[in-house]
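Letters A, B, C, D and E mark the chains as written, and numbering starts fresh at 1 in each.
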Amino acid sequence: MSPSTAIYAAVALPLVGAALVVSLRRWPNLREAASLITGGALFGVVLSLLPHVQSGARPEAQVVEVMSGLWLAFKVEPLGMLFALVASGLWIVTTTYSIGYMRGQHEVDQTRFYAWFAIAISAAMGVAMAANLLTLFTFYELLTLSTYPLVTHHRTEKAMRAGRVYLGILLGTSIGFLLLAIIWTYYLAGTLDFRPGGILAGTADNWVIVVLLALFAFGTGKAALMPFHRWLPAAMVAPTPVSALLHAVAVVKAGVFSIMKIVVYIFGIELLHDTGLSIWLMYAAAFTIIAASLVALTKDNLKARLAYSTISQLSYIVLGAAMATSAGVLGGSMHIAMHAFGKITLFFCAGAIYVVAHKTDISDMRGIGRTMPITMTAFFIGALSIIGLPPMGGAWSKWFLALGALEAEKAIFVAVLMISSLLNVAYLMPIVARAFFVAPAEPAPGDDDFAGAPQGTVLGANGGSSIKEAPVFCLVALCATAAGCLALFFFADDLYQLLTPIVNP
Amino acid sequence: MRDQAVPRVVAKLLIPYILLYAFYVQWHGDYGPGGGFQAGVIFAAAIILYALIFDLRTAQQAIRPRVVGLLVPLGLLLYIGVGIATMLKGGVFLEYGVLEHDPVHGQHLGILLIELGVGTTVAGVMITIFYGFAEAVSDR
Amino acid sequence: MIDNHLPILQILLPLVAAPLCLLLRHRVVVTALAIAVTWVTFAVSVALMATVLQQGPISYELGGWPPPWGIEYRVDILSAFVLVLVSGIGAVVATWSPASISVELPRYERHYLFYCAYLLCLTGLLGITITGDMFNVFVFLEISALSSYVLISMGQDRRALTAAYSYLIMGTLGATFILIGIGLLYIMTGTLNMADLALRLQDVADTRTVIVAFAFLIVGVSLKMALFPLHLWLPNAYAYAPSAVTAFLAATATKVAVYLLLRFFFTVFGYDFSFDRMQLWIVLMPLALIGILTASLVAVFQNNIKRMLAYSSVAQIGYMVLGISFASVSGLTGGVVHLFNHGLMKCTLFLAMGCIVYRCGSVHIDEMRGLGRRMPWTMAAFVAGGLSLIGVPMTVGFISKWFLVKAALEQGLWPVAGVILFSSLLAVVYIWRVIEVAYFEEPLAVDGQGPVREAPLSMLIPMWVLVAAIFYFGVTTELTAGIAQQAAASLLGVVP
Amino acid sequence: MNWVIDIVLLALLMFTAVTIARLRGLFSAAIVAGIYSLLGACWMSVLDQPDVAFTEAAVGAGISTVLILVTLSLTTSEEKEPKHTPLLPLVVVLITGAALIYGTIDMPRLGDPQAPTNLHVAPRYIEESPHEIGVPNLVTAVLASYRGYDTLGETAVILTAGVGVMILLGGARRRRWRADDDKRDRA
Amino acid sequence: MMETIGLYNYWVVIVLMMTGFYIVVARDNLIKKVIGLSIFQTSVFLLFISVGKVEGGTAPIIADGFEVYSNPLPGVLILTAIVVGVATTAVALGLVVRINEEYGTIEETEIHRQDVEA
């Protein structure tokens, strides 16, 4: 398969998958199989692009000229390669997990769920491989719209309200700020292509650059920079696989990915570094890091706590971008992958707990590690990665971010990173501790509460009925991602090698 | 007014002359004031007078609404037909000069025909409009 | 031979068909005739477009008299573009209409009258667009206006009558203002041909009479196109007219008025007079902006969805006028391309409303509960049109906004750019109200009737043709923005 | 002494127009409006336009008046007292009128042979039409030939009005409605 | 003398036009509005017609013994405009009749009140 065919295939395959899902709606097993197979195929296609990118090639595909000189076009560079790999890889895992979760929960309208999920992945592929801002924006909006039916999956009053916040903030920022910034950029630079070294240098006054950076940073609502973060906690009403999609696979990643890409290929690191115009963005990101962590501490609902954790973690990436140093950008980019694996593990675990024990509040989760040891072990691993401790992948990205801060001669942000890590410990570890070391409230875990979870997989004969894990599909998925957290620690060098060209073109 | 003899008699005397005058105005528009439009209006006025003096139903029996309904499109079609004829004869739309060998004669013929078209449609429409309103009155 | 007569055929086809409807009368025959004729008319306009693109402007001397003594038809890129829009919408709506009017005009057993008026309206609109003669504009303006009053009055609700009446009063005042303007120009130049007029106006451009004529023409056209604050007739007219009529008029009538405004500004008076001397944008831009904002806001609070869309139309007229008021190539391109794009999307939205009226009898927001499941294709078309109205990429609405925002930024008017984008967000609000009701709420229990079904294919197919156009022209714009750009350049007299 | 007739006619026109504006009785307003049209027609013929005068008399004083009277017999013949003082309309009208009067300042005087209208386009009609068309009535020549297409449009307008009235007041339809309503009442 | 009269007659015609315009916008009665509209239009016709007059000219019908003819073009235009005017009046009155049937009144405020109450 030629590289450009592979690009088309990457965007089109999920759409084909969606069509298959819809046409197989009467046979759930076939339908899920179709999802999985498309996922596998997509991952294979994306993987086939990797050698090209590693060897320094930048595969391209031009689809259609939208306006004179403005193409809908794709071009794969390392950053996009990374995002595409993460999104397509995690799609398989998430689909696996969804099979267990959606069936375990007896969710309605599963066909619609799988179909829109696939469309969202297609949009994510488009974002990852966009060759210019126009294409990026197009798929960015498509991603927003295709995830709206997922966020509002339950069609309840609550879901509708969450959907309003979701759509309001994401569409509002993207149309109000991002589009304005894009057209302004086009007016200034005469092009919207992502070019190494940026396209804005020398085209505008400093104040314009600052305003543009602000429009881009806040316009990318998916990056959840405060104060435009409300949509993320609101969207927790959705089923857990959707949360996984939002927090790890595609949506927020698309946001921070866009910011990273805009900083690197539109502004150019040198422009921002030399002028120091992005310093305010570093403070804004630092504020979000600390503030969101503090809010996370106060949340008892597990998904809400994780949501605020995500907001905080995303700003790591924004911070890395705003530093505009090579280490900062690399750290931020790596964190896209690291956080994805860590956070998806945590959400999978939260979902598994909900499926098995119907618990959502952390205060109710005493001793749950005794009944769900595998799940909670995975949770522990994921938490370690988020905190940034070796031997988990998250350690590397924090390391590079700290290096970047030093490189930018802003030691204060090293302190921010340290404080944030401590806060991470403070809001994640108690959950693990409570799960393993505190005795459950009910004397016997086998009664009413647990009996209500018919799909639970009962493991091991020796523990009697005391061990009751999530459905096997869920279990496989969360183990895989936990293993991924570990693996990323050891294969970080490959990641580093892949990403280096973006800072040393 | 149906019961009054004088208007009825006067009308009976007048209406043929009004109609005649309408035709005069129709055909004489090239030379003096007047033309298809005025002729159509006068023709309609005669019918309206007839309906006012006698009875709507009587008038409608003399000039049936269905016939009037035919006059309306036919007039316009005649007009357009002249235009199409000029196109078929190799001219542009409404270029009457091509209708005959001598352009001036062609013009004359064209004008006569289109004035007839205008008169037909105008008379038809005016009577239709009057019938519409008058029926609304008689429905009450 | 046919080639030479294309400009007149454009008008002649519907004009012949209208009286034929009165002669034929048979419902099926007349319907078939109307559909066939509108499609042929559309084909003619496409052929005209192709010819103009190849050979430049076409002139057709009616009656064989050269202008300024006779009447001239003049087709340039801009008028060909508008002709394609008007005739295309005319064909699609005519194809869509039979099922709809059989339900909405049940008491009019004489449907041939409807099609006769419809074809006359089409004739009028096409005639305004194609002519190069000022007085001929007035005549065809009245053909389209009179027929649209009548068409609107055919609505089921009795308010259709009052809406038609106030439209008639406002429209006639507008037309009379235009007539006064034409008269004053004639007094000062002695000619009615637009090109000749443009030439002769240069000598008398300083006179007070010409300035007053300019003002009267603008006010008259603004009344016709419902420019804020002269829009008061529009919401009721669109809300209570039969759905087919609303869809047709919303996509064409106001657009033709905008076209007329462009003609007057740029062809007749010329850029120098309109913008350098009269500083027209000082009036137009604030009006457009206030119109965009207030009409969008009012739309948010409407419960009759046709009325909501009508207010949205007033706002969209604001966009077009805004584009004109920039008086730059990108601004005009934005205005002209939005004229076309808005025609497509508003027609789709109103056709979707028509399908809902067909099945549910009303477009009150409560009626739309659960329609997302009951009428999936209709609602999907509505969503597509709505997304385009919002300006989501890959839809035509995005293209329009792109050009308008770009034009605003080019002139350093970034607050204006902000207003354009902010009002898109208002569009999100009013479109999403409908989407939430349609997809999140349970259908109302209808007693004694089965559940609402999807509209018939005869309505869905024409509607989805437009949806396809929304996406097609949203992705590749060579045929819309490209042509609009050429038209803008030729209006401004610059080489593109 | 032409201008004496001018002044008298114009004064009469003013007088009737204001009378119509002041009248509350619709019947009398309709009649006075007919008189207004007649006076207008007179003035038109004073201004050498017998064709137009003829038409205005037939249409304005004839057809229009009849139609208004019929409508009155169908509705009501008395206008209600207004509840509010129409200040805004007055302002709008005054501004419009002032603008128009401002516009007249640069206009050529009545009957000026050097006015642009008499120097461009029209001379050809007067000089050439006897050879080109051969119809003595210039108005007919221009109407039917030079600007014949406008007249086609005019015919279409008339047809539209006819269709409009058929749709609005179509007799058969109305009777059927009434029958429907009666049936429903009985049921 | 002709100079002043020239403008004077335009002014009178403008006053006539504005009287009609005023009736349209200020009056509540639907029929009165229609009457106002036709006054307005008729007055505009008068404005046009005054344009065609040529001093010392005669009606534009070619005949022996006359040299100067008035301009035929305004007359032609106004003939068309008169037709348009009567067409509009007919449709407007048709609407008024139907409105009266549906609402039982032809006063605008009354109709508006009924619509609001409905």
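Note that in this section contacts are C-beta pairs under 8 Å (C-beta built on N, C-alpha and C of every residue); 3 or more make two chains touch, one makes a residue touch a chain.
Treat the numbers as computed from the prediction; the structure is a model and nothing was measured.
A.B. asks: Starting at chain A, what is the smallest number of hops through touching chains needed to reach chain D?
C.D. replies: Each step joins two touching chains, and the minimum needed here is 2.
A.B. asks: Just to be sure I understand the contacts, which chains border both chain C and chain B?
C.D. replies: The shared contacts of chain B and chain C, listed by label, come to D, E.
A.B. asks: Contact counts by the stated rule: is the higher one at D-E or C-E?
C.D. replies: Between the two chain pairs, D-E has more contacting C-beta pairs.
A.B. asks: Among all chains, whose Cα centre is located farthest from the one for chain D?
C.D. replies: Chain A.
A.B. asks: From the Cα centroids, identify the chain that ends up most central relative to all protein Cα atoms.
C.D. replies: So the chain sitting closest to the middle is C.
A.B. asks: Which chain has its C-alpha centroid farthest away from the centroid of chain B?
C.D. replies: A
A.B. asks: Using mean CA coordinates as chain centres, what's the gap between chain A and chain E in Å?
C.D. replies: 70
A.B. asks: Averaging only over C-alpha atoms, locate the centres of chain A and chain C and give their separation in whole Å.
C.D. replies: Distance between chain centres: 45 Å.
A.B. asks: Would you mind pulling out the distance in Å between where the CA atoms of chain C average out and where those of chain D do?
C.D. replies: Centre-to-centre distance between chain C and chain D: 29 Å.
A.B. asks: If you average the CA atoms of chain B and of chain E, how many Å lie between those two points?
C.D. replies: Averaging C-alpha atoms per chain gives centres 24 Å apart.
A.B. asks: Among the residues of chain E, which are close enough to touch at least two other chains?
C.D. replies: Counting only residues that touch two or more other chains, chain E contributes 17, 21, 51, 59, 61, 73-74, 77, 79-80, 83-84, 87-88, 90-91, 93-98.
A.B. asks: Residues of chain C that contact two or more other chains, please.
C.D. replies: 15, 18-19, 22, 62-63, 135, 139, 142, 146, 149-150, 153, 180, 186-187
A.B. asks: Specify, in ascending order, the residues of chain D that touch 2 or more different other chains.
C.D. replies: Residues 50-51, 55, 59, 63, 67, 70-71, 74, 100, 104-105, 107-108, 115, 117-118, 121-122, 125, 136-137, 139, 141, 143, 145, 147-151, 153-154, 156-161, 163-166, 168-170.
A.B. asks: Which pairs of chains touch each other?
C.D. replies: A-C, B-C, B-D, B-E, C-D, C-E, D-E
A.B. asks: For the complex, which residues does chain C have touching chain B?
C.D. replies: Going through chain C, the ones touching chain B are 4-5, 8, 12, 15-16, 18-23, 60-64.
A.B. asks: Using the touch rule from the top, collect the residues of chain E that touch chain C in their complex.
C.D. replies: Going through chain E, the ones touching chain C are 17, 21, 24, 30, 33, 37, 40-41, 44, 47-48, 51, 73-74, 77, 80-81, 84, 87-88, 91-92, 95-96, 98-99, 102-103, 111, 115.
A.B. asks: Contact residues on chain D for chain C in the complex?
C.D. replies: Residues of chain D touching chain C: 99-100, 102-108, 115-122, 124-125, 145-150, 153-154, 156-157, 159-161, 163-164, 166-168, 170, 172-173, 176-177, 180.
A.B. asks: Enumerate the contact residues on chain B facing chain D in the complex.
C.D. replies: 29-35, 37-38, 41-42, 44-45, 48, 65, 69, 72-73, 75-76, 79-80, 83, 93-94, 96, 103-104, 107-108, 110-111, 114-115, 117-118, 121-122, 124-126, 128-137, 139-140
A.B. asks: Please give the residue numbers of chain E that touch chain B in the complex, ascending.
C.D. replies: 59, 61, 79, 83, 90, 93-94, 97
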